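Accompanying notes for the structure given below.
Naming follows writing order (A, B, C, D, E and F), and every chain is counted from residue 1.
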Amino acid sequence: MSDPRFTPRRGFGWLEPEFSDYESSRVVVLPVPYDSTASGWGGSREGPWAILEASGNMELYDIGIGREPFRAGIHTLPELAVHTGDAGAMIDRIESVVCEQIDAGKFVVTLGGEHTVAVGSARAHAKRFPDMSVLAFDANADFRDSYLDSPYNHACTLRRISEVAPIVEVGLRSAEKDEHDELREAGLPFYQPAEYRALGPEAIAGQLSDNVYLTFDLDAFDSSVMSAVGTPEPGGLHWDEVSELLAVIAQRRRIVGFDVTELAPQLGPRANAQLAAKLAYRLIGLALRE
Amino acid sequence: MSDPRFTPRRGFGWLEPEFSDYESSRVVVLPVPYDSTASGWGGSREGPWAILEASGNMELYDIGIGREPFRAGIHTLPELAVHTGDAGAMIDRIESVVCEQIDAGKFVVTLGGEHTVAVGSARAHAKRFPDMSVLAFDANADFRDSYLDSPYNHACTLRRISEVAPIVEVGLRSAEKDEHDELREAGLPFYQPAEYRALGPEAIAGQLSDNVYLTFDLDAFDSSVMSAVGTPEPGGLHWDEVSELLAVIAQRRRIVGFDVTELAPQLGPRANAQLAAKLAYRLIGLALRE
Amino acid sequence: MSDPRFTPRRGFGWLEPEFSDYESSRVVVLPVPYDSTASGWGGSREGPWAILEASGNMELYDIGIGREPFRAGIHTLPELAVHTGDAGAMIDRIESVVCEQIDAGKFVVTLGGEHTVAVGSARAHAKRFPDMSVLAFDANADFRDSYLDSPYNHACTLRRISEVAPIVEVGLRSAEKDEHDELREAGLPFYQPAEYRALGPEAIAGQLSDNVYLTFDLDAFDSSVMSAVGTPEPGGLHWDEVSELLAVIAQRRRIVGFDVTELAPQLGPRANAQLAAKLAYRLIGLALRE
Amino acid sequence: MSDPRFTPRRGFGWLEPEFSDYESSRVVVLPVPYDSTASGWGGSREGPWAILEASGNMELYDIGIGREPFRAGIHTLPELAVHTGDAGAMIDRIESVVCEQIDAGKFVVTLGGEHTVAVGSARAHAKRFPDMSVLAFDANADFRDSYLDSPYNHACTLRRISEVAPIVEVGLRSAEKDEHDELREAGLPFYQPAEYRALGPEAIAGQLSDNVYLTFDLDAFDSSVMSAVGTPEPGGLHWDEVSELLAVIAQRRRIVGFDVTELAPQLGPRANAQLAAKLAYRLIGLALRE
Amino acid sequence: MSDPRFTPRRGFGWLEPEFSDYESSRVVVLPVPYDSTASGWGGSREGPWAILEASGNMELYDIGIGREPFRAGIHTLPELAVHTGDAGAMIDRIESVVCEQIDAGKFVVTLGGEHTVAVGSARAHAKRFPDMSVLAFDANADFRDSYLDSPYNHACTLRRISEVAPIVEVGLRSAEKDEHDELREAGLPFYQPAEYRALGPEAIAGQLSDNVYLTFDLDAFDSSVMSAVGTPEPGGLHWDEVSELLAVIAQRRRIVGFDVTELAPQLGPRANAQLAAKLAYRLIGLALRE
Amino acid sequence: MSDPRFTPRRGFGWLEPEFSDYESSRVVVLPVPYDSTASGWGGSREGPWAILEASGNMELYDIGIGREPFRAGIHTLPELAVHTGDAGAMIDRIESVVCEQIDAGKFVVTLGGEHTVAVGSARAHAKRFPDMSVLAFDANADFRDSYLDSPYNHACTLRRISEVAPIVEVGLRSAEKDEHDELREAGLPFYQPAEYRALGPEAIAGQLSDNVYLTFDLDAFDSSVMSAVGTPEPGGLHWDEVSELLAVIAQRRRIVGFDVTELAPQLGPRANAQLAAKLAYRLIGLALRE
C-alpha cells in the first residue's frame, strides 16, 4: 500500500513499511541519544539521528557483500528516553529494552550515543547468549574502573563489558599508563593497529567464541576516515581493513548483536554519518547472512 | 500504550501516538523537501526536517496564546517525494495530496522547501474554499510571470497564487522595478514593513475575505530574526509584530490552511528552525481556536 | 613585572597579573563546563571557555557605565571538574567551592554550563546571605519538580532555587501548562517580556530584598540577540532593556553574586560569546560600584 | 551582446557588461582583501568577495529609495594585491589607486578588509576634496595613536583619518578609558547610539561639511544585525535607523565616496554579507541621486 | 599591461590576462552551477565557484608532472545560466555551448554542479569526436533509466552517456541490485576499486579508444579524501592511484575533454575544493602535453 | 596541592602544577598566534590555542613510544604578543624569547601561527647549536627570496632558515617553477613523498648533523589527514610514515627543538587540532628520551 508520491519515513534505511514493520522485521535498530558522561568533546547524543538521516542516502544493495540486507526487515524503534540523573539507571534501561527485543526474536542494533550505551546492550546479550565473547573496536582502552566519579563513564566501558564476557579489542592507540600496564600484565588481547595487521583477521576470529557480540566505537577508525568522534586519533584502522576483518568474523563466527557508537556529527563532515550508516548496514548483512 | 522509556517519534511536536495518530488528528503536517528551482543560495530542501527536529525542542503549551494546540491532534505525513524533472508536476503532486487531506477533513500545514510549494497548497485550498483570500508574508514580490525559463520558479510564486485567489502581501522590500511598477499600477495590496506599520493589523484583516489561506515565506522576517533563508533581507518584520498580526487575523477571519517555507537551515543558526517550528505551532493554535 | 612581549593569559578579561592574581582580586570567576542533564541541543559545556576566549576581545573600559571593572581585580579559577555520574553531587561540588570563595571575601561569578549549575551557586549565596532574593532571567519557567528522572535536570533549576530564596523571573515565554498554572495560582512573579515592559525596572527592584543574587540563563534574550543556547526563543528581551534593568537593580539593591549560563557556542555566531562576556563584565562593574 | 545562456560575471551586482564596463561606469568598486593588522578574530580578508558573491543575490531595484543604482554603471576592479610586510605601504597603495580613479572621474567604493583600508581611501578623497568631512560608523573609537607596535593598526583608523579631515562618529560603544577621555576632553563628536538617537539625523548632517566621505565599519550595527565582524558589540545601531540617517545625509550633503569594511564572513551567517552588499548598493544609489 | 598592485581576477588559476584572454587561450573552463535534480544532500551548485576560488591557492607549476599548464592559456567563461524548469533543456544548453567552444578550437573543461551536467558535455564531445570512448570516475553506477520521474536525474548520468559512447567506469561501490545485475549481465566494464587495483592502469587504457572523454564524479575518491560530495562513500580511490591512472591514460590515449563534478563545498573542508582544482589543473596539463 | 575538584589549567596537556610549573619543567611551549603575512586562506593565528585546547583531550601516556612525556615537565608560556606593523620585528621577538628560554636550560616547542614563526625559532636554535641542521616537513618549497613585498612572507620561510643552517625537506609537492629549478640545480635535499619513500628514514637521518632542529608545517601531511591548513595538498605524507621517520631521527640524532605550525582550525575538523597536539607530544617524548 506504499504510495509512490511519498518518501518512506526516516527509520534506518528509509525503508517502505513492507520492510520495516515491527512484526515482519528480523532486525530492530535502537537509537540511544545519550552522552551525559562524555568529558571531552560532546555531541554524540546527535549520533543516532545523524546515522538514520544518512542511511537514506545509501543504496540498499550492498555491492561489497552482494546482498540486500533490508530484505530481512529492519524496524527502527523510537529513541530511548534519556535518564539524566544517573548513568547506571540509563544502562539498566538499555539492558531491559534490548533483552525484551532479543526475547521477541529480534536481532538488535544499538546506535549510540557515547560508548557507555554498549554496556547495557552487551549485558543484555551476555544474559541471552551466555557463552558469547565480545569483539571491540576502539582507539581507547576504556578500561578504567571509575572515571570522573562514575563507574559508568565512557572511559570505563570495556572494563564493564569485560566483567560479563571475554573481550578482544582491535584499534587500541590511546590509554593511561596504568591501564596499559594492567592490560599487558593480564595478557588481555587488546591490539594496536600494527599488532592487528601482524596477526591478521583469522587470528582474531580464533580468539573469539562461536557467538560474538560486536561493539564498535567509531574512533577505532583513523581520524582521516572518521573525525566526527569525541576522541579522534591518528594511526587507526582504515575502511578496507575493517571490512575484511568483519567479513572474516562473520564467516567464522555468529554475530549475535552489535552497537555502533560515538558519532558526534558536528565534529566532522556529514560523510562520517554516512560511513557509520554503511558500517551498520554491512554488519546487518554479514550477521544475517545464513 | 505509550512507554515512558522511549521518546515519541520525530513528527511535528514529537507527540505521543495519542496526539499524532492519523485518524484522531485534526491537523496534518505535510513536509515537502523541494528546492529544485532555487536560483541563489539553496538548501531549503532540508527545511522540513529541520523544523520537525526543532519542534521537539518546543514546550507544547503556547504561553503566548494560552493554549495547547497539540490537543487537537497533529499528524505528520511522510515527506512528499520530489519530482526532479518538472516543477509543474511537483506542484500538481502537492495539490493532489493537499486536496485529499482537506477532503478527509484535515487542516493542512505544508512545510517547504522553497516557496514554490505554496502554489500547490494554495491551489488545493482555493478549490475547496472558493471564496478564500490569501495573506502572504514575503520579502520579495515573487510576481514575475516566468523566471529562469520556468513559470514555477520561486520568483513567480505569488503571481501564480494570485491567479487563483486575491492576495495581500506584508513584508515586501525586494523586487525588480517592472514587478514593482506593475504592483503599484494595479493597486495590489503589497505592503512594505513601514507601510504595514502605518496601517496596522486590523486594516490588513479588513482586506481579506472570511476564509484566509496564509503563505509564509520566512524571509518576511528581518534578517536578524531569520538568516537561514535564501534571500535574507534587512529591514523586515520582527517576531512581536508578526505575532500581533497573526492574532488579529485569527480573531477576525478563519484561517483555512497555511504553509511555512524557505527555511534553509545551513544558512543560519539552529534557532531559526526553532522559530519556524514555533511559528507553525502558533498558527495551528490560532487557526483551531474555535 | 609584566613583559610587553607577551599577551596576558586567557582568564576573564585576559588581564595582567596585577589585576588577576588571586590574592589581590575582589572577584573570582568560576568556570563550570557542565551539561550532563541537557536534554535537547547540547554543548553548553563549552560555554565557559568560549566566554573567557571572547572576553579578550572586549575593551576593558565599559563605556556604558563609565567604569573599568577590572581594576577591582578579577581572578579566574581553574575549571570545575565534572562529576559525570550524579547531578546532585555536581551541584554539591559547586556549592562547596562557591561557599569557600565567599568565605574568602570574594565576589563570585559562576559561568555555566547548563542552568543547573546555578542551583549550587545560589545555594551557597543563600547560606551566606540568608535574606537574599533571586532575580532570574530565563525564557523557561524551569519549575518542574523533576524531569527525565532527575530533580536536578536543567528544567527544574528555578524550582530548586526557589526552595532556598524568593525568586522573581523576567523573560518567561516557554513552559508546560502545569508549570504555568502552578506559577499563576501561587502568584509567583514570573514575568513575560510584555509584562515586564508594562511594569518597568523599578517595579522589579521593588519585589527584591536588599541582597540580590542574579541568575542569568542567556535564553532570556530574544533569539535574534542570542541564538547560541539550547532552547532559543523568539519574543524575548533585547540588550538595551536588559542593560537598563540591570542598572536599576544595581542602583536600588546590592548584587551579591551572579551566574551566566547556557551559552552553547557551536549553536550560534561567536558574537554571542562576546555578548555573554560583556554581560558578565557589565554585571561585575555594576555589582562592585559602591 | 549579452548571451542569455550565461549569468554575468561576479562583479558587484553581477551586472551585464552594458552596466559594468569600465569606460561607461560612473562607479568603481575596489576590493581590498587585507586583514594583516587584525589582532582579534580575523577573516575580513574574505569580506570583499563575500560581498561581491552576495550582491548577485540582491534585486537591482532598490525599493527603499525607488531607484536602480546600477544604471549609472558599476565596474568592479580586480582585487588589490596585499603588501604583507608593511601596513603603511599597503595604505599608500590604496591611496594611490583611489586617487587615480577619482582623477578618472569615478565615484569610488572601497570594500574591506579591515577598517585600516579606510585610511588609504579617506586620504585620497581628502586630497581631491580638500574641504570634505568624514562621517564614520563604528562601534569602536579606533582613536589610539599606535597599537601593537603600529600606527596603522585597525585600532588607530579614525585617528589617522581625523588627521586629514574633521570626523563625526556614530555608533560608539567600545573604547579604552584613555581614548574616551581624550575624545571627551577634545569635545569630538563621537556619538553612542543613545546619544545619536537623542540628536537625530539632521543634527549629524549639520556637523558635516558639504562634501562628505563616509567610512562604515560594519560593527556599528548591533551584533544581532551583524555578527560577522571581528569585534561584534551589542547595543548598536539597527538597519532602519542607519537607513534613515543615510537618507538624510544624502539629501543634505554630497557623498563623495565611501568604504564598507570589517565583514569577516566566517563569523556570522551569509545574511550578513547580503546586508553589507545591500548597504553598499543603497549608498551608491543615495550618493548618485542627483 | 598587468599592474602588480592588483591580483588577477578569479578565473581558473587566477591568471594574468596574458594567460587567460579568450583569444589566446587553448583551454576554456565552463562553470555550470546546477544541482536541480539532486535528491539527497545538495549544494553542488556552489561547486564551480569553490573550485575557481581554490584554484588561486594553487602553485601554477605542477611539480607532479613537471609542467606549467597555464602557459597554454586557460580562459574561464561566465557561469552558465540555470534552466530551472526542465533538466533536459539545461543539458541541451550545456551541449550547445560546449559544441561552440570545440568548434572554436578550444579544449573544454566543464565544472559541475551535479554529475548530470556531464551528459551535455559528453554529448557535445561525442558529436565532434565520433570515435571517442568515455572514462568515468564514479562511486555510483548512475545507470538507472529514469529516477524521481526524470531521465536526466543525476542517478541516470552514465546511462545517458553510454548511449552516445562506450564507457569504462572506475571506482564503483554503490548501486541498486537491478542496476548491478544489468551491468554484470551486459559485461560492462564498471570496476570496483579492488577490481581496478587487480587490473592496473594499462588494462583500463587498453579498453578505451584513442580519443577519450573523461567524466569525473568526485565521489569516486574515498570519503576520507573527498567528503564534500552528495553521496560520500568509503572504500574508494586515493589520490596517488588516481594520479597514476590519469598519467597512464594521458600517455596512451588522447584526452579530448573532461568534466569535474559533484563538489558540494559546504559538506566538507575547503581542502576538498583545492583538491578538485588541482585535479582539473593536472588533467589540463596531461591532456595538453603533446 | 592539587585539588581534585578542579581540572588543571589549559596549558599544553592540561597538566597539574607539579608537571607544569616553570621552574621544574624541562620543556616550554611558546604559543605564537601570528598570521599577518598569510596571503591565501588565513586563520593560523588560532592554531596555538586550538592545539592547547585539544591537548587536554589526549591521554598522557603515549602508547606509540611507551612513554609519559609530561613527566619531564611541560610549561606553557603566555602567548607571544603580535607585532602587527612589521614581520621582521615579529621574528626578532620570537628569536629573542626562544634564546632566553634555551639559555635558561629549556627545550623549546614553538606553536604557530603561520610557518614564518619558524624563522625566529630556528635562528635562535642556530645561534645556540651552531652545528645544527634542520629537518623541515612541508608541502611547499617556501624558498622564494621575497613574496608580496616581504622577505618574511610565509612563502620564504625555508629560504630564510636555510641561511642559518643546512636544511633537508620532506613532503614537497608544491612550488613555483623557478623555485623548483633552483632547488634542483643547487642539489638541495627537498624530497617529494615518493622520493622520500624510495629513500627511507635512515637516509634522511644520514643527511642531518648530530643536532637537529625540526620545523613542521602541517601541510606536509596529506590533505585527508590534515585539511585545516592554508594550503592543503593531496599526495602528502600519512601519519604512520611520519611517525616512523620521527622515531628514526630521534634514535639517530638529537632533536634540539622544534615547531609545529600552520594549523588553521576553522578550515578542518577538530580532529586536526588533536593530531597536531599528539604530534607535538610525540616529538617531546622522542626528543627527551635519553
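For the reader, a short list of remarks on this structure follows.
Everything that follows uses one rule, which is that a residue touches a chain if its C-beta (ideal position, glycine included) is under 8 Å from a C-beta of that chain, and two chains touch if they have at least 3 such contacts.
Quantities reported herein were computed from a predicted structural model and do not represent experimental measurements.
Identification of common neighbours of chain B and chain D yields C, E. Annotation: the chain B:chain E pair of sequence copies touches via predominantly the same residues, more than half of the used numbers being shared. The interface in B-D, A-E or B-E that matches D-F, meaning over half of the contact pairs are the same by residue number, belongs to B-E. Centroids of chain B and chain C (each the mean of its C-alpha atoms) stand 37 Å apart. If you average the Cα atoms of chain D and of chain E, the two centres end up 40 Å apart. Contacts with at least two other chains are made by residues 81-82, 222, 224, 268-269 of chain A.
Touching chain pairs in this entry, ordered by label, are A-B, A-C, A-E, A-F, B-C, B-D, B-E, C-D, C-F, D-E, D-F, E-F.
Within the complex formed with chain B, the chain C residues making contact are 40-41, 140, 172-177, 180, 192, 222-224, 227-235, 267-269.
Listed in rising order, the residues of chain B touching chain C in the complex are 56-61, 63-64, 68, 222, 224-225, 239-240, 243, 269-272, 274-275, 278. Contacts from chain E toward chain B in the complex involve residues 35-39, 42-43, 45, 81-89, 147-153, 266. Residue ranges of chain B in contact with chain A, taken from their complex: 4-10, 33, 49, 53, 77-82, 93, 96-97.
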